[in-house]
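Note that the chains are named A, B, C and D in the order they appear, and that numbering of residues resets to 1 at the start of each chain.
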Amino acid sequence: MDAIILQILNGLDKGSAYALIALGLTLIFGTLGVVNFAHGALFMIGAFCSVTLAKLLNLSFETVDPTQKDFLGNPLKVKTPYIESWFGPEVGATIIDWSVPLAILFAIPIMLVVGYVMERGLIKHFYKRPHADQILVTFGLAIVLQEIIKFYFGANPIQTPAPDALSGVASVGGAVGLNIAYPIWRLCYIAFSLLLIGGAFAFLQFTTFGMVVRAGMADRETVQLLGIDIDRRFTIMFGLAAAIAGLAGVMYGPINAPNYHMGMDFLVLSFVVVVVGGMGSLPGAVLAGFLLGILEAFASTTWATTTIPGINQIIIYLVAIIVLLTRPRGLMGKKGVMED
Amino acid sequence: MTKTTMSRRGVLKTGAIAGAGLALPTYLSAASHAGFTNAPQGDTVTLGFNVPQSGPYADEGADELRAYELAVEHLNGEGDGGMLNTFSSKALEGNGILGKKVEYVTGDTQTKSDAARASAKSMIEKDGAVMITGGSSSGVAIAVQGLCQEAGVIFMAGLTHSNDTTGKDKKANGFRHFFNGYMSGAALAPVLESQYGSDRKAYHLTADYTWGWTQQESIAAATEALGWETVNNVLTPLAQTDFSSYIAPVLNSGADVLVLNHYGGNMVNSLTNAVQFGLREKMIDGKQFEIVVPLFSRLMARGAGENIKGILGSTNWHWSLQDEGSKAFVQSFGTKYGFPPSQAAHTCYVQTLLYADAVARAGSFNPCAVVEALEGFEFDGLGNGPTLYRAEDHQCFKDVLVVRGKENPTSEFDLLEVVEVTPRAQVEYAPDHPMFAGGTLGECNPGA
Amino acid sequence: MGILEVKNVNKRFGGLQALGDVNLSVAENSCHAIIGPNGAGKSTLLNCLVGKLIPDTGSVMFDGQSVLGRKPYEINQMGISRVFQTPEIFGDLTVMENMMIACFAQRDGAFKMHAIGSMWKEKDIVEKAEHMLESMNLAEKRDMHTASMSRGDKRRMEIAMCLSQEPRLLLLDEPTAGMARADTNNTIDLLKKIKEERDITIAIIEHDMHVVFSLAERITVLAQGTPLVEDTPEKIKGHPKVREAYLGEAQVA
Amino acid sequence: MFGLTKKDLSLLGIVAILTMAAPFILNPFPTESAMAQFNAGYPDLMQKFVIFGIFAIGFNILFGLTGYLSFGHAAFLGVGSYSCVWMFKLLGYNVLPGIALSIVVSGLFALLIGVITLRRSGIYFSILTLAFAQMSFALAYSVLSNPKFNLTNGETGLQVYADDPQWFHSANLPDLPHLFGLSMRATHRMTLGGWEFQFNAGYYMCAIIMLVCFYLAIRIFRSPFGLMLRAVKSNQQRMNYTGLNSRPYTLAAFVISGMYAGLAGGLLSAVDPLAGAERMQWTASGEVVLMTILGGAGTLIGPVLGAGLIKYFENIFSKINESVLHSWFGFLPDGLEDFVITIVYPFVGKGWHLTLGLIFMLVVIFLPGGLIEGGQRIGRLFRGKKASKAGKSATTEPAE
């Protein structure tokens, strides 16, 4: 029982990342009709926002300590972050410790700008072009973005640890007689994702802005006839989708150290998620994200891999194939979306 | 074995057929007069440095390249000479190799066998490289080694840890200075026993490809010999980024040691995840839960950050070693680049020197002469104590380091501390050891 | 017995009864128009005839064979060609290529692996296509990409493609929708000419009464998914029910 | 001649001349000159040019004609490579059985995958092919290389070992892939002044096969079948209502392009008998997409050019390291030299992916017809007013 719940938690965890990326992909597709292969890169840029912030916070001045020697036998240069000298060592260290949560605030404006620039500068010119062209140009963009990140940050992963207070394990389900220890940060990640997903849905459901966007998704021309500048709003939606992907990346940092190709790693999977959920369906994207996450977790168990060797390698793709062949529009897909 | 080499007459004959068939003028290549591929012309000799410059191991590749450049400097008599001064063989005089100035070409393996072979081929076919060296993964090393055997040039392997490189896939033209999976197991086992006792239950997570399997096999064999029990061995996909669903079952398996047979990004992620799940704080039947990472790399350790602290593993070399060779190398590398070299850099530097020295001693660039000079060569002063290039499989035998992630690092490079230098005798094995069986060296191939 | 027999066809979309007990018989070599206000179920009916939709109940027989459950291309091969409301042609191909595709489909059936010989060496196809273009006044546009043609030309192109398949039944879905008066008249003349020149049955769905009364020999009026009346144009014109349900609105429009 | 029009025949002729004279054309710089770095006329790269040319020609038959964007074609390439090496292991090093088998096996594999994936179109098709290819890669890399059932030899790559049966191997045959005794590695070097040219048997075999493939592709493009494939891309609705079943047409195109990919894979093994699983990764599929688009999808020669360009980048451009840059810009004053190198450095050598990505984006944005379109535009510029006027009236008449 404990093991099953553990795997469900693992699945939810993985699914959170899938769902957040897939949600953004679907938003972009639904509003702008663009298939964005660079969305994984946005996720990665989000994660590197927190790397950058940590680097900024750790900007240091050097003092020479003659009592210690460095590896060449010269006097050791001791680095002290400016922030520690400004706020005192303790406050400074605490700020550095909390750099990942702080990076959320740091990342939101950056991602909005990145999304805005991407839409106005590039994607805008591709609305009228075939989907294949959209895929290709954003695929090219993804390559360029990841190479830029690699040039500045190197190829090896860079740790962005969670704050000390959030990095231990928590006992889950003690009240119902279960004894499960689960990393606190991963629980935070699940909660954060649910919050973000809920927020996105509430935003679309209850604000005027959201209603206009939804109306625009359903029938762009009519909304434009009403004299509403739908393009402007769609641009903002692109920024929001970028921000969601970016925040998913920031929060994912402590789970797995960010590296330059994490975007590509997630991209393929999140496209599979979107297609399984149903192109253009927001609830479908979220549902499929969690579903595939959980399936993947269970396929990794010893039981599964001994029953069918290698199932853990292919489960996601296998499910995608089966779903697409039995439910051609995905789990919750609408008719007529991307069928030409 | 006549099968693995190609007679020179055969080449000429088939060449003649090709020439007649295509009605092209038949010129014999200059190289074939000298009797081997890419015999150096003029007063220079070209070496090929084939390292990953893009892809996940690009940072290792960059460090390897730095070491190669340093080695070329030293061979040509520039810089402070580095380990040339401590090397037991004094055949090299700092005037290039056999008086020919050393030049080099670089290539990008992309950590893909195909790309690595293409890159090596261009060095051989276009740039006239007489020796290829480099690599940061076993698949690539084995692929390039096979190519060099066929083409008739020497291959000096860089970072490759799989048993197969000098086991089932060994080749007469290929040489490995780096240690291997078996040695990791043999070196780690006594330390594991002294640190964690002989009554342990180990759970293995293994990268699901050739290197992972041989590594797991070696470690399991070595620890089971101590009396450890292997509870489970779970294979993880290479592309896996989140290992939580593999880590979670460890908690309830009754195991009290987790062995991570992972390298590179896999290792960083699986270790990070294991620490996240609080494995290291767990007590199983009164015993502290432990994690072991058999193959450590300092560059990777940096990626793993805090999580590496207190974790045992093995490594080929570490910059904090205090022998004269290591000190000289760290000094000249550190002065040039501002940070200490990695084990990948070390093995690549040493391999270049060893090749140059073998040529100097043989008095010829002919691969067969080089092979003869290297086979059974005993040397010292290159950082690992007295070392033997064994003739039977072209594997170097030397001391192996058991290291632990340092609890209180003084700098960003000071991540590992040496726990024990396992003496060479302890990691030696018979050439026909079952883990290495299956292949044959064949005969050296001088090519054209 | 007509060439096309529709019996008791019903089609529901969720709660909406799109077609209710439609019966229709189209006589061979006649021109039969189906008219009705928006939402009367004209397009649904048409889609049931060509295999795009499958009726919930009822039967659709073409020349004694059921078309139900067959794919659009199979139905086409039986001899039913369809002209769409907005011209559906191969936009990035030339006029001649468009024509040749239709000719190949007529000669070789739904699929033929003909991958090595040059298409221009198929003399019979080339001749037939050229002849067809001549007769439809498209010959001078032979090498033009069809996407850049005028709406009227596109319509003619599409009709020409359908005709080159020598169908026994030609279905036209509002062929003059969105056309200028002159283009509409041209299209009417074209269809009249076709009717005169060959043995062909035409079923036409139309909004424009001018078109309907110029062409049709019989008219079925559809309202709310059921046929209201079926008769000759003269009778329909004076029919009170039709006036009430339909014509008043149409004349306004 | 050959059943081609004059225009196509001259295109084929030009390609034939270019491929046959490639050892000269690709080695324009004397061996000892500083520009020798940019010579591409060595056997391995020339082989890659034509082999990936074949791959791209085949991919173009699917993508260029039908518009179905497959992200999984590398799987067929990989299957072809493995089949060929297996023939080496079982029968011996003659390349013919290997190449034949690689075409057959990849054709069957493409048929299987095509039947399933072609039930969907658009992005669904792309994702389905991607899923299949990733599954194939994962299986080849690990599961299918387990010691009990070692089909692919995993990470190391499938290769011939001394204890393989090689039933038809005999002592007087080369121990490397050969064509009835003619080793694929047999190379003639011809020295002319400062130049050196290499004529390699493997290259010429591949080049001849590529010419045959190119010729077949022209025939397919001009055939009724090719017309139908273009109809699929243009308007499937009209196609269905014209009595044409688009499924078998696309399936046939898929299988043909799969066989081309398999042939390319087989040839890769034939010139270098080691088949690695990375050949099947989705990024490898992405590469052939890049090649085709870069050159010009739907054009005959474009994909071959694209393949050449990308392989040139991968093998030549990637070798420009910092010391090479210093030797180039050494003539500049020190400060300026460093500045120029700082600007250029991220884009060359190990940064070649970045440059490739940028070029690719620029092509997709500004030249949807690929480099071929670029060439045509330049050509039009030179041909002057008259031609452009005629072109205008033919293509840009208002739609309504």
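To be clear about the criterion, contacts are C-beta pairs under 8 Å (C-beta built on N, C-alpha and C of every residue); 3 or more make two chains touch, one makes a residue touch a chain.
Just so we're clear, the structure is a prediction, and the values are computed from it rather than from any experiment.
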Separation of subunit C from subunit B in steps, with touching chains one step apart: 2
Partner chains that subunit C and subunit D have in common: none
Pair joined by the larger number of C-beta contacts - B-D, A-D: B-D
Length of the line joining the C-alpha centres of subunit B and subunit D, rounded to whole Å: 33
Centre-of-Cα separation between subunit B and subunit A, whole angstrom: 36
Averaged-CA centre spacing for the pair subunit C and subunit A, given as whole angstrom: 51
Of all residues in subunit D, the ones touching two or more other chains: 138, 142-143, 353
Per-residue multi-chain contacts in subunit B, two or more chains: 54, 58, 208, 235, 237, 239
Chains that touch, pairwise: A-B, A-D, B-D, C-D
Subunit A-touching residues of subunit D, taken from the complex the two chains share: 67, 69, 116, 119-124, 126-128, 130-132, 134-135, 138-139, 142-143, 146, 236, 282-283, 286, 289, 293, 346, 351, 353-354, 356-358, 360-361, 364-365, 368
Residues of subunit A defined as touching subunit D within the complex: 35, 122, 125, 129-133, 135-137, 139-141, 143-144, 147-148, 151, 264, 268, 271-272, 275, 279, 309-310, 313-314, 316-318, 320-321, 324-325, 328, 338-340
List of subunit D residues in touch with subunit B within their complex: 39, 42-45, 48, 138, 141-143, 145, 147, 153-157, 159, 161-163, 169, 171-172, 174-176, 178, 181-183, 185-191, 198-199, 201, 204, 268, 272, 274, 276, 278-279, 314-315, 318-319, 321, 323, 349-350, 352-353
Complex contact set, residues of subunit B against subunit D: 1-6, 10-11, 13-15, 17-19, 21-22, 24-31, 53-54, 58, 65, 69, 105-108, 112-115, 117-119, 121-122, 125-126, 137-139, 142-143, 146-147, 150-151, 164, 168-169, 208-211, 213, 235, 237-239, 438-440, 442
For the subunit A and subunit B complex, residues of the former touching the latter: 2-3, 6-7, 10-11, 13-14, 68, 70-72, 76, 150, 154-159, 161, 167-169, 181-183, 185-186, 255-257, 259, 261-262, 265, 296-298, 300-302, 305, 312-313
